[in-house]
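Take a look at the structures below.
Okay, so chain A shows up in both of these, paired with chain B first and chain C after.
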Partner chain A sequence: MAASAKPKEEESPNPVLWVARPMATAARQFVKSLVRPSTIVYPFERLEDPKFRDQVRVESGHPIGIGEVWDNYRGVHALNIATCISCNLCAFSCPDLCIEMVTVPGGDPKHPKKCPQIDYGKCSYCGFCSDACPEGCLTMTTRYELSVSRRPEMVFSPQKLHEVFERKLPMNPIRVERPENEDAIRLDAPLCIGCNACARDCPTNCITMVDTPKPTAKPGEKLPRRIWKEPVVNDSDCVRCGTCISVCPKECLFWGTHP
Partner chain B sequence: MWINMGPQHPMTHGLWNLRVKIDGEIVRDIDPEMGYLHRGIEKISEDRHYNEIITLMDRTCYVAGIAWEHLYIQAAEKALHVVPPERTLYLRVLVEEMQRLASHIMWYAAFVQDLGLMSPFLYGMRDRDLLLDHFQSFTGGRLTYEYMRVGGVRNDLPPGTTDRIRKTMDWLMDRFAEYDRLCLGSQIFRTRCDDLGVLKAKDCVTYGVTGPMLRAAGVKRDLRKDRPYAAYDRLEFDIALADTADVTARYLVRMEEMRQSVRIIRQVVDWLDHHPGPVMAANVPRWLGAPYAPIGHEGYLLKRHYSKGVGLSAIEEPHGEATAYVVNEGGEHPYRVKFRSPVFVNLSAAKSYLVGYHVADIPPIMGSVDVCVGEVDR
Partner chain C sequence: MSVQSLYGVASLIATTLASLVPGVPGYLVTLLADLIFGAILLAASMINTIVLIWYERKLLGRFMDRRGAMHVGYAGLLQNFADGLKLFRKNTYMPSEADRLGFYTGPTAYMVSSLVIFGVLPISTGWDNGSLPLSLLLALVIFSFAPLFIFISAWSSNNKYSLMGGMRSAAQMIAYEVPILIAVVAVVVVSGSFDLTTIVMEQQNYWFAIPLVLALIVFVAGMLAEMERIPFDLPEAEAELVEGWNTEYGGMLFAFFMLADYLRALIGSILIVLLFLGGWTLPTYVPSALTNFPLAGIFWFMVKTYLVFGVFVWVRASLPRVRTDQLLRVGWLRMVPLALASVVLAAALVVVKCLPLIGCVPGIGS
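Now for the complex of A and B:
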């Protein structure tokens, strides 16, 4: 069933009408735009002005500045340093490699606290970092004005991102849900040397090293040189950041399918 | 005499060069040169996680980003053996049809500007902004949406969105009537565009031209009907057709397609109101977003023997038929990603619909092709 897209054949003999009919339509639009303009005079008016907030153009459903709609915009990030657990997931998920984890005061010397520093010269505002954040401490706000006079100012340190957080701009309310049956960290036991690197670097401290029985060597067999301990992951506390996988020197941790 | 139209020319709508051999005012030969906007997206994709490629897809075609996300995600899901939930399929149809509307309205604005009409250009840009506002309300971006994910979409619609979309659709239908009054109602427009840039059905099939150009030649071909994907087999719509194969016919086909898109969107929002559900598949492999492997050990995921697969998908993009091919060799990155761009083919056939016309006819004819150089060069 094809739709007929054939034009109506209207031959108007009067050349004045050829020009007048489209111009009448344009004139109607001109008068309408005098009463209700379609544009916002940007530097003097802003979308986040209270004037535009919760204003919907009824005839078109045009969500000009309605609260929740405008709040979903992905702008500059806001970081709550207090709840950040230094899990690295934002830096891992960044397609542009613009996030660098830098040390901030507050951690112990053995386990320094690291928070994201974002280079807005590279950022593409895709929002993968805030979607990946398991604690909800890195979110995106509606702030969109970022002009700077020098290039180094485009690098936002964690403290600067925390200032954005303290301004209490509308946060992007959309939270991305994780899949129900998430894959978990699994161990390839024969490869493990019990080095404790995974338990040391785990941001949530969900890995504990448990003793494994040392086998008795048969005559002529040489036991591997290792510490007789193995990591056990508490799946309910794990945020699936994969830090343990990347620090494992023997590549014995991997993503396993759900049991 | 050979002259260059491009790479910087208002007619080109992007970066490409049209070499024209002229004899007085008559075009005798055509040589389109592409490649000025090549960014190597296919090669970069081989070094990225499956979800990270979505950011590249929005930059492939800057007026139809969601359509390309949809194309890639379908192929990637087949390659990774992930089945999305049903509500996701309808959400994808909703955003793809809204993107088709936005893309066609953008085409209308650019096309009439090629003809020298300024007022319809402003109306087109204004009406497209309504759709971008809706995209912003639930994806967060106005041009680069990053909405699709392997296994579903990023988020569900916020409450109240479907009602606002219904209002906008009613409003847009009135605007389409206005567009027709401005263009078809003007005898000057008809005199300018009738019997211009004719590409008959036989030549279209020979060159592989697809999309509105093919349907303007009277060929009943639409992948949404012929090989239904997502939820298109459960929706009612018609294929827009015209038979004169000239610039006016392409205008008529695109206007009719926009009306059909509105029809599809109305059905989809009705379905979405009554069928709540999850928008993300329950079992998505976690290693899709796994951290980078330790330096020097990039192949360690390969040793784990994750399932392999090959994905091929084809969709009816606003410009024509696009194809994606994703090979999953078990690693965290795809082994190979390949795209087929419809505009590349439509541009390559330029010789057959430009030769014989005047030089002044080139802008309207190329405007009716709907060029998007971002996806030509990728």
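Now for the complex of A and C:
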């Protein structure tokens, strides 16, 4: 006969397992937390305070110093207006379209100086702008406190970004390794009309207009009406911003490979 | 006219006020003294309750490796007063299908019945609001009204979660009322009195927690269930019952439930201190410097009460919620036999007049 007809008796809770051990664990945690709880009272004390120095380490093992957070932290941008060349590369590279180039005092009336204005409501802190900046004047600092009370205050004007720069916060220079002079500005010479727009708008003044010999017209042929000059790009000074390509009225400038 | 008791303080204030107005009849002075007495008792119990909530939040914070309330007042002491003010200002809504009478009387009666118990609890020598020969019994009787009011408010909320919470509450409280009362019988057998003051005075030489440790365990577990605290908070189970019987309550009516819960926790701690931990007295062999300062009785009483409540918080921080079947099985099959055993043990102690470890003590069972 089958001897297993008896239903299995439900186990009653084991007092050691269910009461004593959890209470001992909780008591140990209580005593530990009484000395120093893990919570940091944030606005009044910060992780980078010296007293937390032994507690907080970045993954690479470097302790964080005073006023610093992780050394690869991407926080508020810092802009050095003085070295900005208005090349527009930051605004081009921004995936969130949060950078707008606004006029700042300092340029001449023909070439107004334009510097980035960043809307932190849109910014995703990807760092592409800092990477793209050819002069290293737009960098990301490790400042992480950015709360404002009104939405328009989220838009940081170039002057405000310059104030961040003047605070000399620890910078996070974002540089992606890539081959030097990968490509360069090339000219489709027959289309050029020598209008000087590229040289005029070049932020680094690396384009010079050189004279080209005016061809002699064959009989019956009509020479195009143009200025007999052509842009020559100094590749070592060029920052590859593409301003000349975008301003060229005849679309005769293009990206080509470096010779 | 002594200021050595709470009623003495109240009548002193009353007579001082009455002396300002000539020709006040005596019964009005007595009535005024009664009212002032009640007001002081109400204020003291409510302030203690709110401080108790703060105490629990701070302790629980440390148990969970955080800090609890921090910013309102010193170390967040005034946080719960602010919360109470917020609840006081809120509008109270009633479900359209709810029973109006039960919906409003339930929390009110729950609150009032919890407050009334403070009238019979002695606090210190002379501060005992008149010695009642059956004060222990009276306190426990009023304490056990609560399931009725919880069930009234749960049923009249017209909500299935509330009703289930109310049902669970009733089942749980009845299951644990029985072992509690049997455990109290053990105390009564040893002390020979139902008067809380006498019970405390009987603990001059040793605390009843030592010989009656079984009864203490049963009483603490039963009190946890009576107060509906974790691990016995099935009626309020947030995750499954959406706060149980107070699902539909908001604003001040919810605050009534909340306050009454903590009032009952305070009363439970006080009862444990009175019955098992010597109340406001320390054993006679401790240095007299510890008991020889003004209001020493009330001081030690408060210290013990808050320590006992700290143990409740410790339990809350450690243990998971039990299932209904586990709860009822432990209540009926474990607690009742344990309580009966403790009564037998107490009777044996009274006959032998000796304690297992301390030895023969004069006065036991006298």
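Following the convention adopted for this analysis, the second predicted complex is superposed on the first by the 191 of 259 C-alpha atoms of A that agree within 3 Å, B and C clash if a C-alpha of one lies under 4 Å from a C-alpha of the other, contacts with A are read in each partner's own complex, and residues count from 1 in each chain.
In this section, a residue touches a chain if its C-beta (ideal position, glycine included) is under 8 Å from a C-beta of that chain, and two chains touch if they have at least 3 such contacts.
Since the structure is predicted, the reported quantities are computational estimates derived from the model, not experimental observations.
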Q) Can A:152 be said to touch chain B (first), chain C (second), both, or neither? A) neither
Q.
Going by the contact rule set out at the top, does A:224 touch chain B (first), chain C (second), both, or neither?
A. neither
Q: Specify the partner with more touching residues on chain A, choosing between chain B and chain C.
A: B
Q: Could you tell me if A:25 is touching chain B, chain C, both of them or neither one (first, second, both, neither)?
A: both
Q) So, A:38: does it touch chain B (first), chain C (second), both, or neither? A) both
Q: Give one of first, second, both or neither to describe whether A:213 is in contact with chain B, with chain C, with both, or with none.
A: neither
Q: State which residues of chain A lie in both footprints, the one left by chain B and the one left by chain C.
A: 12, 18-19, 22, 25-26, 29, 38
(Q) Applying the document's contact rule, which stretches of chain B touch chain A when the two form their complex? (A) 48, 51-52, 54-55, 119, 123, 126, 130, 133-134, 136-141, 144, 146, 151, 154-155, 158, 160, 163-168, 171, 178, 181-188, 220, 238-242, 248-249, 252-253, 255-256, 260, 278, 280-287, 289-294, 297, 300-301, 304
Q: Spell out the part of chain A that touches chain C in their complex, as residue ranges.
A: 12-13, 18-19, 22-23, 25-27, 29-30, 32-34, 37-39, 41
**Q.** chain A residues within the chain B interface of the complex
**A.** 1-8, 10, 12, 15, 18-19, 21-22, 25-26, 29, 38, 56, 58-64, 68-70, 72-74, 88, 92-93, 95-96, 124-128, 131-132, 140, 172, 174-177, 179-184, 240-243, 245-248, 251, 254-255, 257-258
Q: Report the residues of chain C in contact with chain A in the complex, numbered from low to high.
A: 59, 61-67, 70, 314-315, 317-320, 322, 326, 329-330
